[in-house]
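These are the structures in question, set out in turn.
The same chain A turns up in both complexes below, where it pairs with chain B and then with chain C.
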Partner chain A sequence: MKILKNLLKTPFFIFGVVLLVGTLSFAYILPLFYHVDIKTCVGAPYMPPSAEHWLGTDHMGVDMLSLLISGLQSSLYVGLLAGIIATITGTFLGLYAGFRGGWQDNTINMVTNLFIVIPQLVLLILISSSMKEGRSLTLIAVIIGLTTWTWTTRAVRAQAASIKSRDHISLAKVNGASTITILFKHILMYLMSYVFMVFIMQTASGILSESAISMIGLGPFDTVSLGTILNQAQRNEALTDGAWWAFLPAVVLIAAIAFALYVINQSMEGVFNPRLRK
Partner chain B sequence: MLKRYPTLRYILSKAGWYFLTFIAAVIINFFLPRMGASNPVDIIMAKVGAGLDTQAAIEKEESYLKEFGLVEVDKDGNIIRDESGKPVQASSFKQFIRYVTMSLQGDFGTSFLNYPKKVSEIILGAIPWTIALQLPTIVLGWIIGNVLGALAAYRRGIFDKFFFPLALLGNAMPFFAFGMLLVWLFAIQMHLFPAIGGYAGDLIPSFSWTFISSAIYHFILPFLSIFLLSAGGQAIGMRSMCIYELGTDYIKYAKWLGVKEHKIIFYMFRNAMLPQLTGLALSLGGMVGGALITEMIFSYPGLGMSVLTAIQGNDYPLIQGCTLLVTICVLIANFSVDIAIGFLDPRVRAGQGAK
Partner chain C sequence: MSEVLTGVKQPEVETMQADSTPIFEVKDLHLHYLTRFGDKIPAVSGVSFSMKQGEILGIAGESGCGKSTLVNGCMGLFIPPLYPTSGDVRVKGESIMNRTPKDIRKNVLGRKVAMIPQGAFNSLNPTRKIKDIAADVIESHDDGMVSKKEIYERLRERFHIIGMDDSILNSYPIQITAGMRQRTVIAISTLLNPQMVIADEPTSALDVTTQKAVIRMIFDLLEKQIFSSMIFITHELPLLRHVADRIAVMYAGEFVEVGTTEQLIFDPRQPYTKALMGSMLSAEPGQKQKKPVAIEGAPPNLAKPITGCRFAERCPVVQKDCKLNKQELRVVGERLVRCDYAK
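Right after this comes the complex of A and B.
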């Protein structure tokens, strides 16, 4: 509770939360007041913003604000799912490797080091391009999640290895606690704040990865996401036509959500790690 | 024997390690696209097959099958057939061996999209642009970012209050989104810089002044879009490293002793730099990836553009050639940084030797 109090005293943290809530309400509260329709063409291509269509239309004449709302929802979904997958995989492998040591540690370390140097975008391109049909939003989230866990593993492993030799772990061992119990009850609990911060970062990077992979045309086929909006804008010359409403709001939304998450993470780090405090 | 040469031992173990990673990368690069993709010949046949009668189409298809190494071939280069006269498909393992031996000779196969142009030809044309754009940008961004990060940590004040949130915001923006903003603002709205291309469209690459000045003119916007963001990202890392160093005993002691400020900054900088060097190695992959997409925004004639056209046209050999090359470059860069760390930091070598 003290931590929460400290957090609420940090203006930076408040700012991040407000920004996050703002973006979330754009995705989930605005649709209550605005009719979202991403299927029908309601006007001419690249119509500028008007009272009827607050952010104009895209290259097909579809209402832009509707696309943005539904795109933000997809991006949030991908980010969250990818973040959960990457955090769980990474934390679990890291905990196990750090606690176990020996050949299990070496093997996990080897795989981690291997995937950490191979550029993530290369993996994303190779996997996504091989799955031509049925590249759903969920599949993309899974692919992103499975290519970004390496950082978490490395960090959690180092933390777990340092906690391993503490007295309470030895005591638990003497008491006959199983490996699983020790891992989750006695090590993970200590790292919870850290894992939560990792999760925030993984979610942010998941959203950014999705936009990157959609930008190059390997995004979901069945839905709109912020990345596919940008891809369409780029392909259909929104830039040269000066149709700023076709890409600027999407850029702002991506930056806003990732920025909010970064700010929250950074201010939490300041609270959990007193050294960073002034 | 190697115990007496810790540096050599360190280099060798790193080299062995990177070789292993390289093998894994080649395997991934070969098998991933083949996991779900249909036979590449089907794709190319859909393009060229129209208008051919069946016999010609079959012959054409078999010649492609042979060219892409998908069928068994006997010593004289004839396709081996089963009883019904159908070509025998080569096993994936055989295809893999063929792919590796060809890649080692610098032959990445033939592009589908620009048939019969070789993939290596396309890549060779693109790679100078990518290197010219990314190498100076990433290195410069890294240096400036580190200096700014150290200043933010030491001076706090304006650097911390203003530049730090700005860097964080930059970090939250994908490279390409920032590139789009720059294009729209400076090229479309203000007409200050050209929006796309690596040089003016009516020029032919040559070593003339008109061409070089045009190339530099076209270089500025993509350079800025990568440079500013990567500098910001590095500054964030350096800032927290320096704050950590500032809290250590040796800095406090130096302050009590009354050591001159710039000397303390130097100590702090030097010690905080090492992890940043590792950071450079590890984030190279991400930076290269991000910068590739920037090339797409600017239609810069580098590797990123090749990847984009390849993806849009299902040109698997070109995709694979590009991804393999990018991976190799990143591996080499990582390896060089690792070796440099070995020489700069005696603890790294000692740690290896003690094991």
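Right after this comes the complex of A and C.
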């Protein structure tokens, strides 16, 4: 409760939360009042915004607002799932390596370093392009999650290795606590605020990664996302036609959600980290 | 409490205590550290002692002499790179050596042998309430058979018995004083009524008043038979005057003198014990005027084989053959001394 009170005193946190809630409302509350239809052509290609179609239409004549709502939902889904996968994978590998030490630590470290030096976007492009069929949103999220856990592993490993030599871990050991108890009740609980912040960053990174690969045409086949909207706009010459409504709202939404998550993360660090606390 | 010497290797000493069953026995314990190159560094060499009900044995020695390694050995807690070389540790006649780590964790730690660690006032997890930290000790040994409610009830009861306010249970460690945290750690470590408690410098870094309160609490627990006997480890020999029945002085992994508290504090015979006493400030009568004198030199490098007395290089009364002949513990008067020239 004290942490929440401190967070609510931070203007940046409030700004981030307002921005995040606004974006989430766009994705999940607006459809309660607005009929979302991404399959029907409701007008001519690239119709400008009007009272009937607030953000105009795309190159096929589909309502752009419906596409944005559906695309944002997809992007949030990919970001969240990728964030969960990357955070869980990274946290568990980091915890185990840091606590265990020895050859297990060396092996995990080696694999982590290997993944770090391979450019993540290149890896994403290679994996996505190798999947000619069945490239669903879930699969994209899993691919992103399984290629972005490395920094979480590194950071959690360093923290776990430092915490394991603290006095409260020694006390737990001499009182007969099992390795699982020590890992989860003593080390993970200690790192929980840190892991939560990492999760926020991984979610933001997941949304940006999905947008990047979808933008170059390697996104999901079966649905629309913010990245695929940009890809379609670029392929169908929205820029040369001056149809800003076909790409600008999608760019703004991607920037808004990523920025909101970054700001929330930063302000949380200011509250959780005593050295940064004012 | 007994004031009789008990060194297991010496037949005479064993006879002296043959009438009573020892609560805790360490027989010719050798421990080593294994380096990453496969070299064995002996850290504890041939330590033997036994203890009776209600007895407090003080172990003193300078930093790095192997006290904390011996503690781990006494608990069967062999975390690499520490390994047992040979010897046995018995609690009420039952060996705790050669057991699986799980068996040690479930049936030895906290139950047979408990430990109050160094810097115990920093040993409480700051993110958890005292009651949850304490509940872990019971849960770790009962396989979740006892409900949380019952555990909390037991904790409250125990805190009442030892005269501590049970409202502490609902606090976070940061909300209570250092002295209270220290006492809380002692209460938590002894929750399962262990046979033996090993206190590894439990009063270091505490002010004198808190030290006194902690020692009073330890005596109180012993009196209430929460635990049976205790090993009190410290590098402050004079402190043991008020705590221990017997004292063993350790140097370079070996016991160099074992005797009653009075014998070792007021009449040390082994040159290292004398030097150790001489290097400390003491408020004891007759010793207040003495100026502390530092022990010159450094302990030997145990990674290299040592022939002769381990203290020979620093000994102020070293003889020609001290560096050649290995010194054994021998009975001098009513104590054990590892020096051929001690009288």
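Things worth noting here:
Note that the second predicted complex is superposed on the first by the 275 of 278 C-alpha atoms of A that agree within 3 Å, B and C clash if a C-alpha of one lies under 4 Å from a C-alpha of the other, contacts with A are read in each partner's own complex, and residues count from 1 in each chain.
Convention: a residue touches a chain if its C-beta (ideal position, glycine included) is under 8 Å from a C-beta of that chain, and two chains touch if they have at least 3 such contacts.
On a predicted model such as this, the values are computed, not experimentally measured, just so you know.
Upon superposition of the two complexes on chain A, no clash is found between chain B and chain C, which fit side by side.
Taking the C-alpha centre of chain A as the vertex, the lines to the centres of chain B and chain C open to an angle of 100 degrees, rounded to the nearest 10.
Of the two partner chains placed by the overlay, neither chain B nor chain C lies in contact with A:S267. In the superposition on chain A, A:Q73 contacts neither chain B nor chain C. Measured by the number of chain A residues touched, the leading partner among chain B and chain C is B. Using the contact criterion defined above for the overlaid structures, shared-chain residue A:H186 touches chain C, although it does not reach chain B. Contacts of A:F259 after superposition: chain B is touched, whereas chain C is not reached. Within the superposed three-chain model, A:G176 lies in touch with chain C and out of touch with chain B [touch as defined at top].
When both complexes are overlaid on chain A, the residue A:H168 reaches chain C alone and has no touch with chain B. When the shared chain is aligned, no partner comes close enough to touch A:T153: not chain B, not chain C.
With chain A used as the common frame, the shortest Cα distance separating chain B from chain C works out to 11 Å.
The part of chain B that touches chain A in the complex is made up of residues 17-18, 20-21, 24-25, 28-29, 32-38, 156, 165, 168-169, 171-174, 176-177, 180-181, 183-184, 188-189, 195, 240, 243-244, 247, 282, 285-286, 288-290, 292-293, 296-297, 307-308, 311-312, 314, 316, 319-320, 323, 326-327, 330-331, 334. Every residue of chain A that touches chain B in the complex is listed here, in rising order: 12, 113-114, 116-123, 125-127, 129-132, 204, 208, 211-212, 215-218, 230, 233-234, 239-240, 242, 244, 247-248, 251, 254-259, 261-263, 266, 269, 275-276, 278. Contacts from chain A toward chain C in the complex involve residues 102, 166-168, 170-178, 181, 185-186, 189-190, 192. Partner chain A is touched in their complex by these residues of chain C: 75, 77, 79-80, 105-106, 108-111, 114-115, 117-120, 122-128, 132-133, 136-137, 139-141, 185, 188-189.
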